[in-house]
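The following block contains the structure, expressed as structure tokens.
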Amino acid sequence: MAVSVDPIDGTAMKAQFPLLSREVHGKPIVYLDSAATSQKPLAVLDAMDDYYRTINSNVHRGVYMIAEEATNRMELARALVRDFIGARSSSEIIFTKNATEALNMVAQSWGRANLSAGDVVVLSHMEHHANIVPWHMLVAEIGIELRWIPLDNEGRLDLTDLDTLLNGAKVLSVTAMSNVLGTMNPVRTLTDAARKAGAISMIDGCQSVPHSATNVQELGADFLAFSGHKMCGPTGIGVLYGREDLLEAMPPFLGGGEMIRDVRLDGFTTNELPWKFEAGTPAIAEIIGLGAAVEWLNGVGMDNVRAHEIALTEYTISTLHERFGDRINIHGPSSPAERGGVFSFDFDGLHPHDISQVLDQHAVCVRAGHHCAKPLMKLLGIGATARASVYVYNDTTDIDALADALDATGAFFTL
Amino acid sequence: MAVSVDPIDGTAMKAQFPLLSREVHGKPIVYLDSAATSQKPLAVLDAMDDYYRTINSNVHRGVYMIAEEATNRMELARALVRDFIGARSSSEIIFTKNATEALNMVAQSWGRANLSAGDVVVLSHMEHHANIVPWHMLVAEIGIELRWIPLDNEGRLDLTDLDTLLNGAKVLSVTAMSNVLGTMNPVRTLTDAARKAGAISMIDGCQSVPHSATNVQELGADFLAFSGHKMCGPTGIGVLYGREDLLEAMPPFLGGGEMIRDVRLDGFTTNELPWKFEAGTPAIAEIIGLGAAVEWLNGVGMDNVRAHEIALTEYTISTLHERFGDRINIHGPSSPAERGGVFSFDFDGLHPHDISQVLDQHAVCVRAGHHCAKPLMKLLGIGATARASVYVYNDTTDIDALADALDATGAFFTL
Amino acid sequence: MPGLEDLYREIILDHYRNPRNRGELETPPALRVEGFNPLCGDEIVLYLDFDSNGGVADIRISGQGCSISQSSASMMSAAVKGKSVAEIDELTRAFKAMMSIHENTLEGAETAEPIDAPDVKLGDLEALRGVVKFPVRIKCATLAWNTLAQGIEEASA
Amino acid sequence: MPGLEDLYREIILDHYRNPRNRGELETPPALRVEGFNPLCGDEIVLYLDFDSNGGVADIRISGQGCSISQSSASMMSAAVKGKSVAEIDELTRAFKAMMSIHENTLEGAETAEPIDAPDVKLGDLEALRGVVKFPVRIKCATLAWNTLAQGIEEASA
């Protein structure tokens, strides 16, 4: 296999992430759980700290200098996010508390206003619970019907019957990349098919936006949801991108301050976009932190991030296969170009909890469980997997450490 | 007027808040907008920074050490909040993104499940939009009826007709303290009356929880909502306290990860409390930051906080009246024991925006506007007020600076 | 660091203390339009009498607001009274161009492009140029203009 | 810092590799109860045959889980088979007491009080004591017990 060129220097990169210099159980930490949440570069921590130390104040309503400055920095972050995903206007960037809230906002606000009994929503078998349960709630409330795009045997979407599934559908909501299998889905094909069928499309970008260049115009998506904490940003912040005309027509989600134009005893009118969907005091520090994360990622270059992860994916798959042969089974597509750096695996017939526990003793952090994708787990016929996932700060030494620790795990349980 | 004993030393206190040592327009900042958001002590910033630098990882699902540690610290923060408000169990503490979300959660989840056309919800004329608009949304959706507790001429709730208003009501939702008038409401009287009438009670504690000792058993409240950012905690975090049996019976609010027990293609079951209401990756750093804020406040002592604010309130009211006489009108109750340290005022017939703008040039930060309480503004017959508000780190020098700057403001506009 | 004198020019304070065209017009024939500044609660009410071509024959202003929003409304009323739709449109664009340098910055400085402004004399309104240095106040300055645009749209609809 | 040997005692690995009472019972007469660990997706299915007094006459276990949940289920099945409701209740409380030192810490160390544990021999189950040092795994260890409690409740309802 021709190994891709990796534009990123692992050592210099790691130095920017304070957590990566700590030790666990006396060994340097090997963080391989970025699909759950990423580590944060100093630039992001500093941006938030600086907000709290110099301009902390409530936004949008203060006439005094630090409140103006806070408002400016928050709205600048919105503009950074807008450009990061190629949205046309800042009105289309709505800050939420996480991607889950963004997905719920569409299901609940758009859904309640536009769906009725028998209407069809198309999902896929590889969705995260965050893109399943909100729709289940509408099944119970409204009586919509859910249809599921199946998977092929390498864990890719099987689009053979897509047009049939979309026939008469109102919504297509699918992840751009599986957080279990690593599969990167053909988003444009999906959104084109949805549009042809007269359905709106929502893309769960949680695993794709942090890892590759994103342009909502090219994706053709009506809605896109993602989380800050998986893209070098802080916890407590997510984004819903929505096409302006859809957002204009959509009823508000939460009621309160910021989202109103006028409130009387007998009713209220809503504020302009995007604030119509941002009730209450925003997550100001977190928005500013997300803006800093976007700037930081722009500095690295999203194409470099992707190239780095393709190279690391090649290395990971070949290393694990070389060292463990049939003892390991890595789920998902075999070609690195079709997948992101998420590796769910079965090893030696051991339970993922036990694998992860022993790996931890070697300071290797991987996730064990259903990864919030129980329907996919059931389809795969397993209860849980161990999952290692990489990001821009990982390098081949991390993969070597994982392999060494897996060796030790196998040994421990066959004693 | 006998001046109360103030247990808090202003200078030592200010030193703990990094922002308070900055200058604005060449003068030391005088921050008098804590009713909008409070400043943060170093202890809180350090707790969050420490999380990001040493244990940043996703909670509840990781078997590895730093994920366990993150989970422990997050759940410890929940226990701290539980004890801070005297809740019986951690199951009753739900983390939201702000108080607004907490109030919406009850209106939407409890409301949709329990209210139908014609059902009555009782609010008051001094509510914040966050405790009005969610109910307006149910008026539009379900056709509930809103009733409003009126105010007396000092800006206190007029409870003369409370029982009539509550007659047949399903919900009473009232603020514990007005963010405009400073009025502290007789919460226990209200919740007792609600219970007698067969209504549940929700208390908006945004302005009370940060400023005085809170015990939900003594308040007799079924629900209590408040925000972290007004109590020395970070942005992006709020709390809904709910009585366990009510929360058990209440349908979930957002669907996704964390809040489920099982998800299948054909449905889902919910997780235990409190996680049932916490969908998606929580605001982990913010929760830990809120925990640190609670610990910090406990260190100061909430009774000391309240005593300090009563003393400062006495000083503020008497200073402003002495210096400006009829030129100033301070809204709300005249007795410091009946009110918190929030001073909305009219001055010299000037518009609040203009006042605030000139004060800013003197580094004095006050808010100008409707304070998200437009129905109250209409009742007062004004469009906006200037509002100065104090917290534990303010002292008499801040009030003197405000008075000096007001002097200059009057002079500027009468030139 | 901009100072107060950049914001509160003498001419602004003059319009604030002595607002022009304050009052109401009978409706109908006049059109009544309300505008809100959602951030601070300022409300403006415009009364508009249109001529047969849709121009503004007469205008009155009521409502409440700060010195910036009140003086901007007062200056606007003097500037648009008796003007045709086309002239008002040009004035509005010129005024917004003067203001929106900063409105754009709010939306992300890095993409702000110069706005092409019609070559119109703004007269007294020039005094509001300093407002762009105080971004929060831009909405105060533009409130009357947005409300006027809304009124003209309603009248022509 | 607890080590792996605190968690994976030999007797635990033995029960994991050679689980006792694995299988199913015919339903009815047996009761089938399912338990989930929502955090990791582990599922356990218990089949319970009750005697005339509500005691557990026979028990089988299926489902999937990690070494801790599987061995805990295996040990539990051996410990409760043939026991009366009262005996099982006492065992359950003793086991939970052993575990809940840390369950309480999770809920806030500062209020944790010693739990009064019935004076019962836990036998093999004692080997699970080390789990309390690994808080995330406590739910693995208690899953079978919570599912059993649910089954007994259902049977008596």
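Labels A, B, C and D are assigned to the chains in the order they are written; within every chain, residues are numbered from 1.
Keep this in mind: a residue touches a chain if its C-beta (ideal position, glycine included) is under 8 Å from a C-beta of that chain, and two chains touch if they have at least 3 such contacts.
Because the structure is predicted, anything quoted here is derived from the model rather than measured.
Farthest chain from subunit A, judged by C-alpha centroids: C. In this assembly, the C-alpha centroid of subunit B lies 36 Å from the C-alpha centroid of subunit C. Separating the centre of subunit C from that of subunit D, both taken as means of CA atoms, is a distance of 73 Å.
Computed from the mean C-alpha positions, the centre of subunit A lies at a distance of 44 Å from the centre of subunit C. Chain geometry summary: the mean Cα position of subunit A and that of subunit B are 32 Å apart. Across the assembly, subunit D contributes residues 39-40, 134, 137 that each touch 2 or more other chains. Within subunit B, contacts with two or more other chains are made by residues 25, 61-63, 67, 260, 262, 353, 357, 368-369, 374. A list of each chain pair in contact follows: A-B, A-C, A-D, B-C, B-D. Residues of subunit D that touch subunit A in their complex: 1, 3-4, 7-8, 13, 39-43, 64-68, 70, 134, 137, 140.
Contacts from subunit B toward subunit A in the complex involve residues 18-19, 22, 24-25, 29, 31, 33, 36-37, 39-40, 45, 48-49, 52-58, 61-67, 97-101, 103-104, 107, 128-130, 132-137, 139-140, 146, 148, 227, 229, 234-238, 252, 254-257, 259-260, 262-265, 267-268, 279-286, 353, 356-357, 359-360, 364-369, 372, 374-375, 378. The residues of subunit D lying in touch with subunit B in their complex are 36, 38-40, 105-111, 134-137. Within the complex, the subunit B residues that touch subunit C are 25, 351-354, 357-358, 361, 368-370, 374, 377, 383-384, 412-413. Within the complex, the subunit B residues that touch subunit D are 60-63, 67-68, 71-72, 75-76, 78-80, 82-83, 89-90, 260-262, 271.
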